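Take a look at the structures listed below.
In the two complexes below, chain A is the common chain; its partner is chain B in one and chain C in the other.
Then we have the complex of A and B:
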């Protein structure tokens, strides 16, 4: 069951939290600035696509962590506040609430990316023009949304235990590697491919690169193909997360673990 | 205010066992029986209380009835709906308010909190703004509506909790220790508000470990201890149950658990409660007949610094002690 009203309310709530809670300034504004600055400093002598790749890898893709964390932390935050039960006693499905927050997190990632490009352009005078700007923005938003949904799957485990974060932080870096965001997929061992192809972020990263670099299409699927596969895998993950929420909510109600923090 | 005999909560053999926690290292502890084959009914318009010591099973019971916990066995219906099978249909018609500092979004204002929960309950959009303002005014937070909750006092937070519990105009309101930790004045205000809600026809079920609160608010109450219901009835009938008993009250300076157990073991003593005051202790024994017992009490406490031994009439609290701790 999905509640559009709960999603909208959660998105609004998350945006208010962003503006009133100073702790979000660090991951959303300061961290992107540092990421971009360090990356651009390291690659300052490179030119052309390599520099843009550095901006993408170190800057934009460096924001993935923020999207995953803020989405997976969504339930953790309610647990900490003691509001998890207050939500679960309402008719609104918890998964809709979390998804609404994920939409805001993905949108925020888009704003972060804009900040990265502004820093690169104005502070380092780098030409950050991409081949297909509209395709790039769509690819970026879809990628961030897919990561938010991945964060939602992680976050579902917060319903049953407060100890989720340590486990998922361990999984985070392998996801960056497997998705081809940090290293090109072709240099990874063959046996890792099925894992890579199962990740929406892989297709999102591919769409980003296709729309950014002239002549890039390593998997020969084109921008529509990459965008389509990002959307498809994201929907699959979203459906999995909804099912997971249903299962884990039931488990938490059997075990009585909703209020422990 | 009891509006009639319509049953709105029906509980039969309700049991909750918390499974042993799963841990990577260690055995994770044991299963815990929190509620053990409980039976009771609540009628429309009643204020029904669950009274008991900490860990008695009160909160577990109220959480099962408000769909936050799944019972291990037994059956419970609220407003004619099964709390497990019909949870989705039931939730719009009930609400739960827990006591304490937590359970609100501290970075948001009171109004933003209520706005969010109104959306969770799908309060009609055209009604929402007015409804939120109405609730804020009702709980006396109209002037503080746009202040962040982190700046609220404990009492203001509790009033906001209550307002949150009313956003969907519930037919059945569950209150889990609504005055716990509040200062006396705020607690009194909260009780007044609960009575007002009851007067308007709302059915209320609350948990408390304050005897006087149960006495003041509840039409009927169940005394629960170790997961079992020890007594069920009106506060008056509970007092009546100790009407023929007497209380021996001993005030001393150096008695403890050993002496309490000794007193509890005397023939004719139904229950003993012990209160630790500053530099002295007060033991109250519920007994059938005081005259013959006083010499035995004095003998048992020989060598202790006894200040006074006196005979008293039993109170509702003595009835509660007898039901919870009695032989």
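Then we have the complex of A and C:
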């Protein structure tokens, strides 16, 4: 199902693409970065844990922003450059190629989160120390993995249609809202909760906050619960993405739309 | 002169016709409305949670409604040059008798229409979903303020778009300017919250005056009350169009000289 060799090669290729022209990270990270900075200005009178809350949430937004742009576009660029057909005739499964790329993009998202922390610490003098560093690191990497998997799902749709970009750009802001990254989920309307709970980013953000703050557990699930739910939603999305790739690859070949840009 | 006007008109029509070449009308409409609504909702929730009396949810909703103009009036306009490079039509545009500036001005006219539609819908969202009271606003004054804001912002977008003629893409610059307004232009919190050294930068953006004028009109301000802000915006706008003209000429020559016109 997964070709580790193809994944590794795709990750390496994606990293080379990035280092050749690193400016392309800016469109992916600018929105969450500005959103977090605005949030910090709005929270400035509150101080203490609330500011760190905003910073952590901003980190999650940053990772998400990068994932939705870079990962969903990973196939979009192949379509644009005319290399999608070449990739599809290689023996490596397309899902493994895209997963490798998504892992690199998720790693870049981590750098984005790091940039948010650095600005928060130096420009806003916020203490970014966390209560449980080990739990925090585990939560961070699990969140990144979950976002990479979500990026795979978006990438799959690009195999079928070039209009996917509009659809996924449309999803960027709803997920900023629904993940409750910079405010508690309880302030969202009741009807939105199922959508929030279906997102790995919600549980990832919750795990990060639980590991960072003393006594924080807004959904009463504890760190193991939040980590478990992040892992569970990640696995579910991974399985969905494999099914999607199989189905959509077949559909794109039947429709003959691979080279259409 | 007549040739330039025909060029602007033709470019506007081409922009309208090519709008739905990739993304269908329904998805396009959903995209611009959802982006505007969810961005507004995000900041309303943040301000609600933060509880800052200087930046109430109503204040934030109204600011974001006006800022929704940025997507078309600045980002859409400045992306035009990048998009032409992207699809390999920049050299074709240069081979036409119309100066490049007028071609992109035509695209700006079309983006203005989209921007005005977006901001109207955003104001409706702000009023219906977030309780922004616009009952005291005079419709004519509000429309005049939005028109002048849009005019001025398109000029600003053209300046950035001109750089895209020379650079590999205008997307990076466009992305930065798109969101910078949310931070610098009094959209989500008063400009006085910003550090002293940043505040002068806020007044270089036409959006700052547009947001302030709409806030005044929303509480019953007349055309006379906002005339100062409108004159400033008009002056900034005219200066931007003139600067964009010269910048387009400059970057066009530079791109030809360096052979970077089709580099993407």
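Please note the rule applied: the second predicted complex is superposed on the first by the 229 of 261 C-alpha atoms of A that agree within 3 Å, B and C clash if a C-alpha of one lies under 4 Å from a C-alpha of the other, contacts with A are read in each partner's own complex, and residues count from 1 in each chain.
The rule we apply is simple: a residue touches a chain if its C-beta (ideal position, glycine included) is under 8 Å from a C-beta of that chain, and two chains touch if they have at least 3 such contacts.
Remember, it's a predicted structure, so these values are computed and weren't measured experimentally.
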item: Partner chain(s) touched by A:187 [first = chain B, second = chain C, both, neither]; value: second
item: Touching partner for A:43 - first (chain B), second (chain C), both, neither; value: second
item: Contacts of A:127 with chain B and chain C, given as first, second, both or neither; value: neither
item: Interface residues of chain A shared between complexes with chain B and chain C; value: 21
item: Touch list for chain B against partner chain A, complex; value: 16, 18-19, 21, 34, 60, 63, 66-70, 88, 91-92, 94-96, 98, 100, 102-108, 112, 115-117, 119-122, 148, 164, 168
item: Footprint of chain B on chain A - complex, ascending; value: 1, 3, 5-6, 8-10, 12-13, 16-17, 20-21, 81-83, 85-92, 97, 250, 253-256, 258
item: Footprint of chain C on chain A - complex, ascending; value: 21, 23-24, 26-27, 30-31, 33-35, 37-39, 41-46, 50, 80, 162-163, 165-167, 169-170, 172-174, 176-177, 182-184, 187-188
item: Touch list for chain C against partner chain A, complex; value: 22-24, 27-28, 30-31, 34-35, 38-39, 41-43, 45-52, 55, 86, 168, 171-172, 175-176, 178-180, 182-183, 188-189, 193-194
